[in-house]
Every structure is written in C-alpha cells, then in structure tokens.
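First chain written, first letter: the chains are A, B, C and D, and each begins at residue 1.
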Amino acid sequence: MLGGGVLERTVPILTHERDTGGYFRLAVRAPDITPLVQPGQFAHVRILPLKSALLRRPFSIFQVAGETFSILYKAVGQGTEVLSRMRPGEELNVIAPLGRGFTVPRAGDSRPLLVAGGYGMAALYLLAQRAPEKGIVFVGGRRRQDILCVDEFRALGWEVRITTEDGSLGEPGLVTQPLVEELRRESAGRKLFACGPTGMLRAVGRIAEERGMAAELSMDEHMCCGVGVCLTCVIPVKTSAGWEYQRTCMEGPVFDARQVVWETDP
Amino acid sequence: MNLAVQIGKLTLQNPVMVASGTFGYGVEYARLIDLNRLGAVVVKGIRLGPVRGNPPPRTVEVTSGLINAIGLQGPGVDGFIEKYWPFLQGLKVPTIINIWGTTVDEYAEVARRFDALGGVGALELNVSCPNIKEGGSQFGTDCKLLAEVVAACRRATTLPLITKLSPNVVNIAPYARAAEEAGSDALAIMNSYPALAIDLETRRPKLANVTGGLTGPCIKPIALKLVWDAAKAVRIPIIGMGGIQSAADALEFLVVGATAVAVGTANFYEPQTALEVIAGMREFLQRKGIEDVREWTGSLRA
Amino acid sequence: MNLAVQIGKLTLQNPVMVASGTFGYGVEYARLIDLNRLGAVVVKGIRLGPVRGNPPPRTVEVTSGLINAIGLQGPGVDGFIEKYWPFLQGLKVPTIINIWGTTVDEYAEVARRFDALGGVGALELNVSCPNIKEGGSQFGTDCKLLAEVVAACRRATTLPLITKLSPNVVNIAPYARAAEEAGSDALAIMNSYPALAIDLETRRPKLANVTGGLTGPCIKPIALKLVWDAAKAVRIPIIGMGGIQSAADALEFLVVGATAVAVGTANFYEPQTALEVIAGMREFLQRKGIEDVREWTGSLRA
Amino acid sequence: MLGGGVLERTVPILTHERDTGGYFRLAVRAPDITPLVQPGQFAHVRILPLKSALLRRPFSIFQVAGETFSILYKAVGQGTEVLSRMRPGEELNVIAPLGRGFTVPRAGDSRPLLVAGGYGMAALYLLAQRAPEKGIVFVGGRRRQDILCVDEFRALGWEVRITTEDGSLGEPGLVTQPLVEELRRESAGRKLFACGPTGMLRAVGRIAEERGMAAELSMDEHMCCGVGVCLTCVIPVKTSAGWEYQRTCMEGPVFDARQVVWETDP
C-alpha cells in the first residue's frame, strides 16, 4: 500500500448532540486519523444502519481534539436522517482524511478573511484554529438557526460578522455585503477562504476576481467514491490548454477561485 | 486450495478483479487496500485521445443501485501511459486495460498501442457503454459490428482479448458467439443497464446526460441470467459482474458459469469488498470441501 | 382538480391502476381496500383454456425486488367468466383484462370472447411474459409478430387495446411504433425483466422454472427509461409501471410521458399502495398548483 | 369492501420475550383482529424496520387473549432477525387473520391427536384450547430447545408426548414413533392435526392414509402476498379432474391430508 495519509476505520461515536435547528455535532474516536487531518479536508462516512441507500456521505472535518474528530452536519435527507438517530457507542465507518484542503496562512500573511454559509463553518474551523494570524469570519445564513459556531470562533480570538437573510440575527442580507464593505476599507494583499452554497462561492469568487485578490473556495459537489476513482464529483477547471473536469474529492474540495469555471456549460 | 484461473493465456491468482470505471487506475485505492491480493486490476475505459466526459451531475443513487453517465472521461493512451502506467507496471498482479473507440479502426489502433507497450495483462473491449453517443453500445448491440471490432483487435494484438458485452439485447447468446468466433479470448458480462432518474421538484432528469447506466445490487439477478445464458452458448471464459458485494454474490456468478468475477459499484461504498470476496470465497470452498475453485465454476444443478 | 385520464375510449377516474398478476381478480383485495377508488383493476393474465402454471417455488425475494415465474396459472376464459366476472362487473371502476395465447389466433379468439362478454373496460395484450415457453415474450421481442398479434386482436374487438411491451429489447421505440401502427390504443411498459437467483447451499436455481422475471423497486430506473423512450416514439398513451411504491414514483412515470401508471409488486407488501399513490399524487399536484394531472404528464424538462 | 374477516392494522408490540433456543414470543395489541381468529390461521407481518427485504413474513397466530394475539417464532433469516431485535412499543403492520385453519372438533368427536414439529406448536395451540375434548399432543424436535409450549398444553389439560432426535428430552427419535404406537392401540375414528416441517407432514399424511384416518395438515410454503393474488404459495392438490395447484394462503394452509399430492413433480 502506498502512503498518502488516508485510512479506512470503523469508529465509535463518542458524543452526538443537537445544535441549533436541524444541525448536529457528532464526534468519533479515530486516533490514527486525527494526526493526518488538514483544514478543509473531509471524511467519507458510511452510515452503517442506512440500508436504503448504498453510498457514503462526505462531511467536512470540523474539529480535531486528541484522538477524536467531529463533524457538524445538517439533517437534510435519508442518510443524515438515519445518522441523526444514531447514539454514542454505535459505529460508523469512515475513510479520512480526504481531499485537498485550504492553504493554511503562514505567519506574517495578512489577516485571513473567512466566508461561511450554513455548514460551511464546519470546513473553516480548523483553518481558523491553525492560522497564525487571527482574522475575520463572515457568517451568513437564511435564519438565526443557520448561524453556527459563533462562540467557538470568538473563543479562538476571531472577529465574527453575522448576516441572516431574514434579519433574525446580525445584519439582514447576504454574507457578501459586510465582506464587500470590509474589502472597500482594504483589499490589497488580503486572501479569502470560503465554504458554503455554490451561489455564495460564485459571488465570493467574483468579488475576489474584481479586486485581483486570492481566494480559496471549498466546493460542494455530490460525491460517490470520494477517493478519485469514479469521476462523479467533477467541476470544470481552467488549465493552460483551456479547461478540464477535475475531481472535487482529489484536486479539491478546495480550489483557487481563479481556476473555477462558473458557466454551467463552459 | 487452488483459486487460480485462466483467462486466455493470462493466469490470475484468484478469480476476483475489480470492474472498469469503478477502480480508477488502481493508484487511488492503493492507499486503502493491497492491490497485489487482487486477481487483476481493470482500469477505466481508455480511447486514443483524452476525453472530457459528460457534464455533471454524473451519478445518482437509486434504490439498491447507482446510475452513472460519466461519459468515459480519461487521459487517452498517451496520458494514461505517462501518468498511470509506471505505477501499474510495478504491481505484481496483471493490469487489464479497458479500451474503446468510435470506429473499428480506433479500437484496433488502441489495441496496437497497448500491445506495443508490453506488460499489459489483457485488453477488455468496451462495446457496451450506454453513456456516449458514438462508440460504446452501438458496437455491442449489433452482432456484425461487434464481430468486426473484435476481429480488428484480434489482428492488432496477441494480448488476451476480453469482450465486454452489452446487457441491453434480446438474447445475449448470439453476441457471445459472435465475439468468440471473431477471436475473443473471454467475455465480460455485464456493463450497466440504460436507466433514468427524475427530480420531481425541478422536473428534470437527475443526470445532465439525461440517461445513464444502472449498476449495483439491484441488477445482480439480471446479470446472473445473462452470464448463465452466455455460458451455455460459448466455451471461452466469462468474467461475471453486476452487483457483487459479497463472496456469496461472487460464488453465484461462478456457479452459473463465470470463470472470474469483478467487483464494481461496491468499491465505492466499501473499498475492501474485493478482498472480502476473496477471503469469503476461500472459506466457503473450504467448508464445502472443494479443492479447486474451477470445480465450482459452472456446477449449477439445473 | 382533475385526475381523470383517457386510455383510448376508456376514461379512468384517476391514472392509478394495479398491475396484472399482482392483484389477482380484484376480489381478493376487496377485503382490504376499496377497489372503487382505483383508476382500474387489471386482472391476472388469461388465455383461452385453464393453465396450471409452473411448479413451485415460483417467487423469490431479491435485493429491492422479487423474481417470479408463476407461469400464468389461471382459469381460462370460461373459468374466469364464471368465477370472477360477476364480482368485477359489479365494480364502479373498469376492469382491464390481461390476455395471452400461444398463437396469433388464440390471442384473437380470447379478444373476441371478451368483446362478446360486454362490460369489459379494455384488453391488455401480454406479449411479454418471460416465464412461459410458448407465447409471451416471443411475440414481444419480434416486431413483425408483435404487429400481427395486435392487428389480429384489433380485428377481433372494438375494446380499447393496450399492448404490454417487453423490456427485454435493444430499443423499445420500434416495438412501440409497431404496436401503434397495428392499432393498439395504448402501451403498457414494463413487464418483468428476465433474471436468475441461485441457492448456494443446494447449488440450484431458487425457482423451479430456473429463470423468472424481476420486478419491484430495483427495476424502476430501467422502467422510467423505457417509458421515456417509448413516449418519444408514439402518440398513444402509455401506462407506466415498474417498482412504483409511492406517489413520487408514480409522478416520475407521468412526468416522463406516461398517461397512467400501475402498482405491481408493492401490492404484495402494502395493499394500500395504490390508494396512497392516488392521495399523494393529488396532494403533490395541489402543492404545485397544477389543476389537471394531464398538464404534468410528459412535462419533463430535458 | 367485502366482509371476510381480515384486516390490515399497524399494531404495537406489547411484549417480546425470548423462549428456548432461537425462539421468541411476541404479542401485539389488535383488538379488532382477535375476535376473528380461527385456530390454524396466520398473520402476514410487515416488519417495518426491515429495509433490506420487501415482503411480509407469515406466522401462525399462537395465542389470543382479549385484545392481544401472539406469535411464537424462530429467528432463522433476515426478517426474523430484525424482528427479534424489536422492542415493546415499536410497531408492526399485520394483515390477519388469513387462511383456512383447522376444523375445530365438535363435542362428542373422538379425542384429537395433534402432531407438532418445532414452531408447529404455535399453529396448534388455539386448536387445543378450543377443542371441547382434551386429546394428546405429540411434540417433536431436533433438540431439547425445539420443544415448545409443553407447559401450556399441559395447563389446558392435554397429554403431551415428547420426542427429540438427539434424545435430550422425552423419547429419542421422531415424533411419528409414539404416534404410531398410540395408533396401534386405537386408530379407528380418530383424527390427526399436524403442523411442522414438510417431511413430518408427509409422514403423518402417510400414517393417516395407511389407517384410513382423517388428517388435517398445515402446510409450510413460502408466501409472497399471503392473500391469494400472486399464486406463489401453491401446492398440488387432488381434484375430481386430476390435480391442480391450490394456494396455501387461501385454500390452506390447512389441507385435508388425502388431497395433498406429495410427489415433487406430479
């Protein structure tokens, strides 16, 4: 077997708690996986009691603490529904860590700007934790319940700016509004890191492009194998020769915004 | 106990391979399993030049199955040789290369290229991909075209040739015989079955390509029937596949007449499947007092 | 809201029927559901004389499906009329009679008999049963024979004729057109798909008939594709079936072009299915602001 | 809807206990079903948590008490396995009562002889309970653990004769041995009622035939619909015209032994 820092393990659920709205936090004990995790990577989870569907489900690795790592997920469909009813002591099978995560800023880099929508916060936490420089995280969601982990980011010493579409928490509107305001103050040399719905990522990409800024986007595509063999999870990516389909699970999920082709049929 | 089987002049240490398109180019799963314990590695379909593939969404989960319309994305012969061959050449188990083209000449040319490469275990002719407009299943659903493709490749190479038949026919026997007569050393059965899935909320097909190919446990009873029908029609070995996720599944394919099997969709949810199948097969044969897997092959009492 | 649909000159109060062979002769489920709420009752296949059927085991459960080889056991035309017709005649919803024969003449004769009976809603020509040696799918996999059967029945009756096509073909379009041109008023798609299941311990097929027909949720993606292909090829209405177990499933068949649907295997595990499908369909269309189910039919954006 | 005395109901599990070996007793509350039950009828059970298989599973109705009825079953495959892990309070869907049961003896009939193998006891309990005359029940099994309900039958005032193949309880041998002995004493006018494996039923049928006795056999065939529509559960049955396939779920499961055709391919 080649090296490469990914393992398949059957792991016990240690804790499983309801967060706001339909969100849940689930931690597993996976001592040989945790040391390998980079910010922005994901775990491909086989929900063992799920019998009505075959595939694994991908979740960003949210927090890592000693021998455990956790995910922060929303119950949206059949897999996450069954997952949400599992109890501590029951087991999951995970393949992790997978994918190319965020480039962790180096000491001396400018203060990073993070942009998160919904469970996008989960992909960004480790980045915030490991970045040498505290920055700002812009969090957006539809309603108050979609705003997650604010306290945790603050506890890391980060500034958090909240927007909700219905105005039930923070500023009313889209997450890109306070971001654009902040960039109006200063954009040169700063870098964006974003995770969230595709529409939000596209907007962040455009904002970065207009200002000639660097941005890393964690793309949310449907996955099948999660390990690069099936070619399900592709997005069009610019290359010297034009563009090609690249795998979100291998070349991504994090891509340089300048490389992403946004037109649906390029 | 003997698990070794023969596909043309190629010897496999055991009858369990992985199916083309479900195992990339081997290197990806090398991080998770020991490839050298497999019967063979079969790589994703390759044509002469690079192929972009279909726009996403490319796969969708359905009841006990998966529909895919990848569109044979791939690096082409040169890209493959450059990027993946050095790794595959280093394996102790044979690599079987799944090839395709849009013309008979292209199939033959790809076969010639891999013949010249040296070290290839066998070529699998994919004449049955439902997800591309030209090439693919058009060759697999017309006996004459099928024979032409096989014969042209036969002239182009001395490598063992495996013809991967389309399941989407009234009766597979004449296709099996056509491939045999045109010089194929073995058959692979089955490829995915044409299928469709709909998103009610958007009123759109779930796949950008509209239709795709159905695979996974849901097709196993269809695949078993096809292998059984083909096994009665030809003498060349058959590689059975379609929904295999356990040793029991694999043993069913063998008992109806397959010489070897391939694990496909199951790799996606459980990369250990092929190794578990090998272990479970050994255990079962032991329990039954069967010394050689070839005694089990085709031993159905019907 | 309008749920009524038209199959030839037959009006159904809603597009949800039950599939032949999965609902007996109606009377059995009358103990458990109100038949008068269905679109139509379709009875088990009937030929001229009584039929013993295949030896058991006749069905076997497989992953998300069922394989059956009943062999069209039935009482024949006279037995049916004597035992079941009085009950069915008393229903407020139409009865569709599934008929078959081993020759073109027998099909026509059975059609004539039911034409003469009076009160029959429609005839469904089963040219696609995979479980009998003569008759059945031999007519469904040969366009010329298919056209002959349909034309002969067309001459024999003015009842609406529904041709139940075989899924086991390379491309369903020519068969759909052949049936249309020969005078069929509608198509039913799909019948069961040839399949095989094995008992490893006994090394025997699980069915006495060796092979059988696969049905249930596992075949839905195949059935949807076939209905979609046929809907593009003909103008006559299509009755879609294959794995329907919910309103969502049924709505998928309608959106790809079916005018009506039939619930089959699901009756066996949940006799309420057809009624639940009707209720769920109404609710969905209401939510979408669709006043008439016919607006939904064939409205796929592809 | 026609009458006919069969209902589909979603019913709660009231009690669920392990019996000997791999056997379980499970009781559900089904107040409108219980009054309809005749001895030898069965319930067709949809094991709701079973997702890997579609069909219902048939079980003889074992005991009826007020608003509840129970089944006595052995965990043998995927369905009964999942069933055995269900807890009181969880629900099953049942269609019951189904099939044509045993002819309950009338007052003045001779003492009935019951023959049971394994869970065959379950099909015979109600018959024993409702028979006006107490009789003898012959119970056979492979091992001690396959001998069920002995105390219950004795509590009804019945005589119980036990055989096990391994001799671990009662007489060693087959259940037909003490039966034949008993019949040697007296057979004229007596009637047999049997439920168990097919081999045992065939032997009982032959014993009855040889002695010109009446016998009712409850046949164990694989079922699909359970209600007579699919024609899965057929066995060859003699008719005036020769033989025909009849449905175990409708014309059976109890058949007159003289009508059953035993050759596998008649």
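Throughout what follows, a residue touches a chain if its C-beta (ideal position, glycine included) is under 8 Å from a C-beta of that chain, and two chains touch if they have at least 3 such contacts.
Remember, predicted model here, so these are calculated numbers, not experimental data.
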Label of the chain whose CA centroid is most distant from the centroid of chain B: D
Between chain D and chain C, distance of the C-alpha-averaged centres to the nearest whole Å: 35
Approximate Å spacing (C-alpha centroids) for the pair chain B, chain C: 34
Averaged-CA centre spacing for the pair chain C and chain A, given as whole angstrom: 48
Sites on chain A at which at least two other chains make contact: 52
Residue list for chain C, restricted to those that touch at least two other chains: 63-65, 217
Chain contact topology (line, ring, star, complete or other): ring
Pairs of chains satisfying the touch condition: A-B, A-D, B-C, C-D
Touching residues on chain C, where the partner in the complex is chain D: 21-24, 27-34, 44, 52-53, 55-61, 63-66, 68, 70, 73, 216-217, 265, 267-272
For the chain B and chain C complex, residues of the former touching the latter: 62-65, 67, 141, 168-170, 193-198, 200, 202-205, 210-211, 214, 217-222, 224-225, 228, 243, 248, 251-252, 255-256, 284, 299-302
Complex contacts: residues of chain D adjacent to chain C: 1-4, 6-8, 46, 52-56, 93, 95, 221-222, 224-225, 227-235, 244-245, 250, 264-265
Of chain A, residues touching chain D in the complex: 51-52
